[in-house]
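You will see chain A twice below: alongside chain B first, and alongside chain C after that.
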Partner chain A sequence: MSLQVTDLRVYYRTLAGDVKALDGVTFGIADGEIMGLAGESGCGKSTLGNSLIRMEGRMRHVGGTVTLDGVPLPIDDQADMNHFRFAEVSIIPQYAMSALNPTRKIGKMVGELVATRGVRYHDIREELERRLELVGLARDVLDRYPIELSGGMKQRMVMVLSTLLDPSLLIADEITSALDVSSQRAVAQTLVEFRDRGFVKSMIVVTHDVSILYQISNTLAIMYAGKLAEKAPTDVIMSRPKHPYTRLLISSLPEIGVRFEEQRLTGIPGTPPSLLNPPTGCRFRERCPIAIARCTDEEPPFVEVEPNHSVACWMAS
Partner chain B sequence: MLTLERVSKTYKVGLFGGTDLAAVRDVSFSLQPGEVISLIGESGSGKSTIGKMILRLLAVNGGAITHDGTDIATLRGSALRSYYRTVQGVFQDPFSSFNPIFKADHVFGLIRGVYFGSASTAEWERKLNDALEAVTLDPGQVLHKYPHQLSGGQLQRLLIARALLLDTRYLVADEIISMLDASTRIDVLNLLGDLKARGLGILFITHDLSLGNYISERTVILRRGRIVEMGPTAAVFGQPLHPYTRMLIASVPRLHEKWGQIDAGVRAGSGWAPAPGERCLFHAAVPDGGAAADLAGLAGSGLAELEAGHFVGCVAPTADGTCGGRSASAA
Partner chain C sequence: MRRYFGRKLLIYAATFFIAATIDWLIPRFMPGDPVQSLVSRTGFGLSPEGSQALVTYYNNLFGLNHPIWEQYINFWASLLHGDLGRSVYLTGRPVTSVIMSAVPYTLALLIPAVLLSWWVGNTIGARAARRRLLDNVVLPVGYVLTATPYMWLAIVLAWVFGFILNIFPISGGYSYSLEPTLTWKFIGSLFSHWVLPFASLFLVGLGGWAIGMRNMIIYELEADYSRYLEALGAPSRLVRKYAFRNAMLPQITGLALSLGVVVAGALVTEIVFSYPGLGKLLLASIQNEDFFLLQGIFLFIILGVLIANFIVDIAYVIVDPRTRVAMSGAEE
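Coming up: the complex of A and B.
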């Protein structure tokens, strides 16, 4: 196991009380695994990604542990965590376009960044240029300012930069959402290539777009209202989803070839519950077509029902 | 009928507006009541500019947009107001379309003030309830609420209801699904389908090919302000004629088919080009470049009709309007 997350709880402090954005999340990622993480907005998927690298001020680590390659990550200690950031855990942020320092030439910025991890720019320059070439950037981008690069070029620059020190875990947070379909595909395939070349050991790809994840991820985790609903190998979850939420989510996605006149898709009625005071029992039960009395009283545990296939639903096992 | 005839738009960009940016070039198509046309393009293709020109939020630089034969650029005063009675728009971000300090139904009040000043309260409420019912919203659940108390799908439906309050015949829907969650976006999309069945003409602007394919009868593919392909949705997605369309369709992530299985010969990445030796279908059909050809009134628009209603543009138009692809294939 490259990454092991056990019963992680992260709450947001607000005036109204704690928003339980991550409420007991347990999963593992194997070496070389790309895990896709999907769910509706506000389900906690970005919170999960962020809490593995940097807790915002409003976020509070309430419980649970995170281990990376056998070493516990001090996720609630900003200073301690700094030893792991960039070198062991790295992130490609959602707005890569604005992630580069506009006042520095890119090469200089890279130099300053690796220096903070005790690496000399001179030593890494050759590898950097090789990787720039891999994503189709000329080496002279290093002598340019970010403003001289197009959005797509900046995105690729940030991808190379985030993975420059060969981190063990890479978190990609909605990095394809703002892109056109053709560049979306290029970016997604670059992620796979980075993994194949060993630039990163394992990866969490956070997005609301399940179809992108189907293309690139090995396993798929579906989140709902601060908890994991289901995790399984991508092919398994797409062909035989066990959680009713996953089933409804997949069947609500239009695909090329599906036409309104011929086959009318339906959404999922209702809205997710508030995470300020989440209901007891199963959090999906109010929107669930197959809910039983037990779902109101008891919370379904997230358990492995088949090898590598975990579900939190009373009706699944 | 809402008709665009060789519409062009040039933006002044750069310091002191010294540079011209041609955002839309020679775009011609028409929208009838009761049909959905999806206008598909990547960012910068001019798709939103076209929507804004139809809504008269932007002026047209060349060509004309006509509504039942009247050039909309000439509309003033009450004529413009009656145009807005029939043509309305809904935009991408429902969260920023509302003023957060007013209740969400404040937008209906604004409409009432401008268009229904003489209507009695009972009459107005009946109209409002009809509009809300058309977008499958329960008036009790959404009226007298603030925007932050409603979900994105509800807000977007409120905006569509606002557009429908008038005698709306045409709706410009600019990326209205993009900000919504997967579980609710299909419901808003189905709503457009139901409104179409009731006679509304919808221009569905999107970058998402699978959404356009799902809802529309006709598809217009834009690239850098030009139409590269246009036709019945089944034909454009089933037998795409233009290499750019083929590249776009091959790039769409699918749910049950991996990218590697779809593309034979389509190159990955952001670049596309006609394959070596590829014939330019447009120039094969219209050897003189279409200047003299009169194809369904599309003369000079750079489109050739290869099948009934299925148009394709030049594979590689150069700046002077000649075909870059033809010389490439000749070589």
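Coming up: the complex of A and C.
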């Protein structure tokens, strides 16, 4: 098991009280696994991704542990966590197109950044150029300023830079959201290639776009209102989803061969609950078509109902 | 690159032409007649005919007998020969030599005050952005300083250090008992007279720069590239270095924009301290309706501000790669 997250709780401190964006999340990722993490806006998926590498000022680690390759990650200690960032855990951020310092030549910036890890730019230069070539960038981008690159080029540059030190875990946070479909496909395939070549051991791909995950991820985790709803191998979850939320989410995707003039695409009625004071019991019950009385009183635990298939629903087991 | 500076130079030339024209117009819109007041000052006991003859003589001497459009053309013609005319109030001394004797004093005040307050202010501001305690001091003090009128601070400084503590002299460019010579005694006197006017210019500028830099650094530390560096575990030294460099860019533009204001402040400060620079000269020329001296001083200030702006333009191209890229982009 490469990554093990146990009962992780991360709250946002606000004037109105704590927003429980991540409220008891447990899962594991195997070596070589690409885990897709999907869910609606505000369900906590980006919070999960960020808390594994860098907690922002308003985020507070309330409970739970994270272990990477058997070593506990000090996720609530900014200074200690620095030893793991970049080298062990890395991120391709949502804002990849503006992630490079506008007033430094890219090569110089890369050099200064790896130097802080005790790696000489000269030693890594050859590997860097090889990887740039792999993503279709000429080596002379290193002598350019970020303004001279297109948005897609900047994103590929960031992908190469983030994985340059061969981290064990890579978090890709909504990296396809701002791209057109053909670029989305190219970026997704690059991620798979990085894994296949061993640049990264395992990966969490955070997105709200399930169709991208269907192409690249080995397993799929669905989040709802700060909790995991379901996690299973991708083909299992796509063909036999057990959680009613997953089922509705997948049925809301358009299918090839179906003409939507005749058949309307269905959405999920209702909105997720506020995470400031989430309701007791199952958080999805208000929108759930199959909710029973037990869902109001007791919170369904996230349990493995089949090998590698975990669900948090009373009706699944 | 050449096209960029060519265009800049053209804009500066046009600005100079318009500013010089306005500069020529302003004294002539002032009420009063410089020659009349000169004659009434110097021509005691003359008969009406005699003083009339003197007025005609002076009008001829200063070229004021020509029609107004001809005076304007003459102004440009002699300006291009480096001739700014003669001072009416200092009875005929060439304006150029009058100004040149005052310029060293003004420059010795202005250049150190502008550059030092900019540099020190930016350094303090950058530090304050990262330290809560320092910030709590810098912010209120900075606001008070930047809101202080130049002459008010000058008067307070003169009162405290000159009058109460009696450390520094409060009037003149050097001691009245000395002749300008190249001796240590004279240089010491120059310096002690320089301290207070310099301090008042320096302090007023300091606050604005410190606050501006503090805000810019805080903004840059929140920028995406800073967040990315932090996510990759870069030490805060590197993040701050990048933030500082990016935060400097607006400050350089700010320096160019503030130059005109600082020059005006220097003039006022000189008047408070009776410092023998352009400011004091300017006041005298206004009081005596001395067209030529007034327009000469203004012209000098216009030139100075334009040249300083041009230097800042060049500096900006050096520090911000994006301007260079934008320039060379068309050629590639």
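Going forward, the second predicted complex is superposed on the first by the 314 of 317 C-alpha atoms of A that agree within 3 Å, B and C clash if a C-alpha of one lies under 4 Å from a C-alpha of the other, contacts with A are read in each partner's own complex, and residues count from 1 in each chain.
The rule we apply is simple: a residue touches a chain if its C-beta (ideal position, glycine included) is under 8 Å from a C-beta of that chain, and two chains touch if they have at least 3 such contacts.
These numbers come from a predicted model, not from an experiment.
Undergrad: So, does A:Asp77 touch the first partner chain B, the second partner chain C, both, or neither?
TA: So A:Asp77 meets neither chain B nor chain C here.
Undergrad: Figure out whether A:Glu304 sits in contact with chain B (first) or chain C (second), or with both, or with neither.
TA: So A:Glu304 meets neither chain B nor chain C here.
Undergrad: Have a look and say if chain B or chain C is in touch with more residues of chain A.
TA: B
Undergrad: Applying the document's definition of touch, where does A:Arg85 land relative to chain B and chain C: first, second, both, or neither?
TA: A:Arg85 sits against chain C, while chain B stays out of touch.
Undergrad: Would you sort A:Asp209 into first (chain B), second (chain C), both or neither based on which partner it touches?
TA: A:Asp209: touches chain B, not chain C.
Undergrad: Quick check on the superposed pair: does A:Ala186 touch chain B, chain C, both, or neither? Answer first, second, both or neither.
TA: In the superposition, A:Ala186 contacts chain B only.
Undergrad: For the complex, give me every residue of chain C touching chain A.
TA: Checking each residue of chain C against chain A gives 223-225, 227-235, 238, 242, 245-246, 249, 319-322, 325, 329.
Undergrad: Can you list the chain A residues touching chain B in their complex?
TA: These residues of chain A touch chain B: 40-41, 136, 152, 180-186, 188-189, 208-212, 214-215, 238, 248-250, 252-260, 264-268, 271.
Undergrad: Any idea which chain B residues touch chain A in the complex?
TA: For this pair, the touching residues of chain B are 42-43, 151-152, 181-187, 189-190, 193, 207-211, 213-215, 233-234, 237, 247-249, 251-256, 258-259, 268-270, 272.
Undergrad: Which residues of chain A touch chain C once you look at their complex with the stated criterion?
TA: 53-54, 81-87, 90-91, 93, 95, 98-105, 112-113, 116-117, 145, 147-148, 158, 162
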